[in-house]
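What follows is a pair of complexes built around subunit A, which joins subunit B in one and subunit C in the other.
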Partner chain A sequence: MSQDKAKTPFDVYEVFSQRSSTSPFIHQFSLLAPNHEVAMSMARENFLRRDNCVNLWVVKRDDVYVLPPEERESLERLDNKAYRETKGYGDLQSKWRAHRERYEAQHGPVKKEV
Partner chain B sequence: MSQLVREGLTEAQYQAKYEEFLAKIDSGRKIEADDWMPDDYRNQLIKLISMHSVSEIMGALPEKEWVPKAPSLRRKLAIMAKVQDEMGHGQLLMRVAEDLVAEYGKSREDLLEDLFTGRLKFHNVFHMEAPSWADAGVIGWLVDGAAIITQTMSLDTSYGPYSRALYRICAEEKFHAQHGESIVLALAEGTEQQRQMLQDAVTRWWPALLMFFGPPESATTIKSNQEQNMRYKIRSQTNEELRQIFFDKYVPRIFHLGLTLPDPTIHYSEEEGKWIYQQPDWEEFKKIVKGGGPRSVQRLDLRRLSYEDAVWVRDALLGNKVAI
Partner chain C sequence: MTALIETVEQAKGNPEFLNALTALLFQMADDDFILAYRGSEWLGLAPHIEEDVAFSSMSQDTMGHAVLFYELLEDLGVGRADDLAQLRDPQDFRNALLVERPNGTGHYVENPRYDWAYAVVRWYFYGLFKQARLEALSNSSFKPLVLVSQKMMKEQRYHVMHWQVWIAQLANSNEEARTRITNAVDRVWEDLGSLFAYGSHGAEFVKQGLIESEDALKQRFEEKAKKAFAMCNFDWKGLPQAPAQTGRDGQHTQDLIDAVNTLSEVYRLDPSAAW
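Up next is the complex of A and B:
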């Protein structure tokens, strides 16, 4: 807090808040503050005037390691991950139905509907 | 310093980056603060967002003067909440602007200094007089209403941080407009004197509200800015389109309250599919935003005073010793 930082003695802090104990932390925005304590109280004033909140984080922006812009393109998913998603298994229901109908045509239902 | 020199780029390298940038915004992806961007995109954003930021602050300062004079405890609380929101909006937007000017080695101090020297303009409406409580109502109803229209248009702006700030801001502006409507409706349903106060405020504010959206496209001076901002997807509608949306929303309501406008010609033309109205004096507009409005000097003084009065707060935050 010395005079040599006089021009901009404040740091940028990123603010994250959690709406309820089952929700994820969400990035709110950033603010300028001289330290974590002030950042915390400013975060409450700036971002939580109306919204519900159960917990709050402030992080110095310099401490956030950010993916460089040129590498962000590589985050884009290739559309070949069906085996990881439920939509990759869309044929299961109709197969189960076909097996049931073939069985019931011969033997009747395994268990009578109540 | 040109961008080529600053970044050590050849003309061909710059062109390649520029085309990649255009392709990115054309595909609807957002530009972030640390992405490469051409200087003229950055400069347009800085101009727009710093102007938006200081306008929020310049609007909140005279508005806080209403707190002791507001007619009931509920109105005092509501207008205090509005002032706090507007200051918050100024803070959000100032953060967005200072991340942009950082590239040029500047900070928010430089932006605020530009306000005092007149390089940084603020919205025409905050240069105007607001003598009665009805003005406070009309400002909330129609000035915030106009601001919601321009800000809603910008929600989908190509610059990610500005878009995210605007989503927060628009949600709160809706409360401000309702706060204004509530004051206006109370006056409209009140005594003859209250109705007259309201009529006077609407009459007083009408030219400034028309000016709020900026000159129509035929005025050549601002045309190029608008076109560039639309090419860069910073904005998606022209000044005149926005003004027409404002008429659609508010002119009927003004008439429904039995109020009149100081423009006997205003009407909706079915044939042309638009509102016909008298242009305000655009020369006057230029004079006002350059600091020649009726309250320009006092508003800047108020800003200076609030900055000086709050020195002890900033000192306390920094843990410095203050001489008392």
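Up next is the complex of A and C:
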């Protein structure tokens, strides 16, 4: 680092933040910085002035392996995999409710489970 | 020690206590206010855009801290917060000399030639001093002041972290950066003693239990500053003596007069206007 007289280049860093301790990390935006420390230092004031934030990631964009456009087709599938879908279970809640009401009509209210 | 004064009403009922408390609050409010003003002059001039946004944000935070103190003064019946900030004459300000120094040569509108190394070093060491002062207030005899300082501690921690990244990166970078930082430290050190000075009310501050002694405050600061020097690979310079003029009793420079005139210009046009 010290032998190079050229200026340190700035890299693009992607900023992710977590709104609360139970939320997922969400991508915010990107910024330019010479290293991770500076990126972390800038992230808070540049993107999180108004939102709640309990945690931060900064990732150099070069370290994010992006699926190239020509390979995105590989994400498509054949449409013969209904067994993986969950629409067969869509009316489960109403079935349970119907059973419960019929039971309670006979036996009185069921104690709510914690 | 002094009994804990829990409310502003109790404070108002004790003239000696109130006088000392008022003097201390003005010092703290004016320190943050004037430094935040100097920060605002850097708007659009910082080295890169992310830093410009972050720096402006921190100047706003610091101005917000000043507001907390001015509002305490308002609750104590000293005057309206806005009036205290913008209608006093420069010689009535109680900020330390360090915070009124200009950012560099030139004017922020025409030909600014501000010194970034000086900005970093001044904000960093002021930040460490402020942390030390907030800690020195943690056992204050005035309960509202304890609560206000605890609130500020969180934001202050972030500010110090920010400047710490800058000073460490620059001091450990190339020759030019290191030299500029070294020169900035020398310049800040000339005025540093003005921060710790309690001025003519100092004995009362301690007698009323408002804050720790000047020596205790200096010791807190010294611990933090020594670590900072080590992180930058500098030899410890020791704490300087207080300069003859500290600002704590109203002895200021033309720079402060200019600053107060600029920042109060709009307010003075119509103090009764609603904003």
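Note that the second predicted complex is superposed on the first by the 73 of 114 C-alpha atoms of A that agree within 3 Å, B and C clash if a C-alpha of one lies under 4 Å from a C-alpha of the other, contacts with A are read in each partner's own complex, and residues count from 1 in each chain.
Simple rule for what comes next: a contact is a pair of C-beta atoms (placed from the backbone, for glycine too) under 8 Å apart; a residue touches a chain by one contact, two chains touch by 3 or more.
Computed from a prediction, not measured in an experiment: that's the story for all the values here.
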Subject >> More subunit A residues in contact [subunit B versus subunit C] >> reply: B
Original post:
Counting only touches as set out at the top, which of subunit B and subunit C does A:P9 meet: first, second, both, neither?
Top reply: first
**OP:** Mind working out whether A:L31 is in touch with subunit B, subunit C, both or neither, as first, second, both or neither?
**Re:** both
Original post:
Which of the two partners, first being subunit B and second being subunit C, lies in contact with A:N46: first, second, both, or neither?
Top reply: both
Subject >> Which of subunit B and subunit C A:V66 touches, first, second, both or neither >> reply: first
Original post:
Residues on subunit A in contact with subunit B in one complex and with subunit C in the other?
Top reply: 31-34, 38, 45-46, 49
Original post:
Inside the complex, what are the residues of subunit C that reach subunit A?
Top reply: 48, 50-51, 53-54, 57-58, 158, 161-162, 165-166, 169, 174
Original post:
Inside the complex, what are the residues of subunit A that reach subunit C?
Top reply: 2, 5, 10, 31-35, 37-38, 41-42, 44-46, 49
Original post:
subunit B touches which residues of subunit A in the complex?
Top reply: 1, 7-9, 12, 29-34, 38, 45-47, 49-50, 66, 68-69
Original post:
In their shared complex, at which residues does subunit B touch subunit A?
Top reply: 32, 34-36, 81, 84-85, 88, 91-92, 95, 107-109, 164-165, 168, 172, 317-320
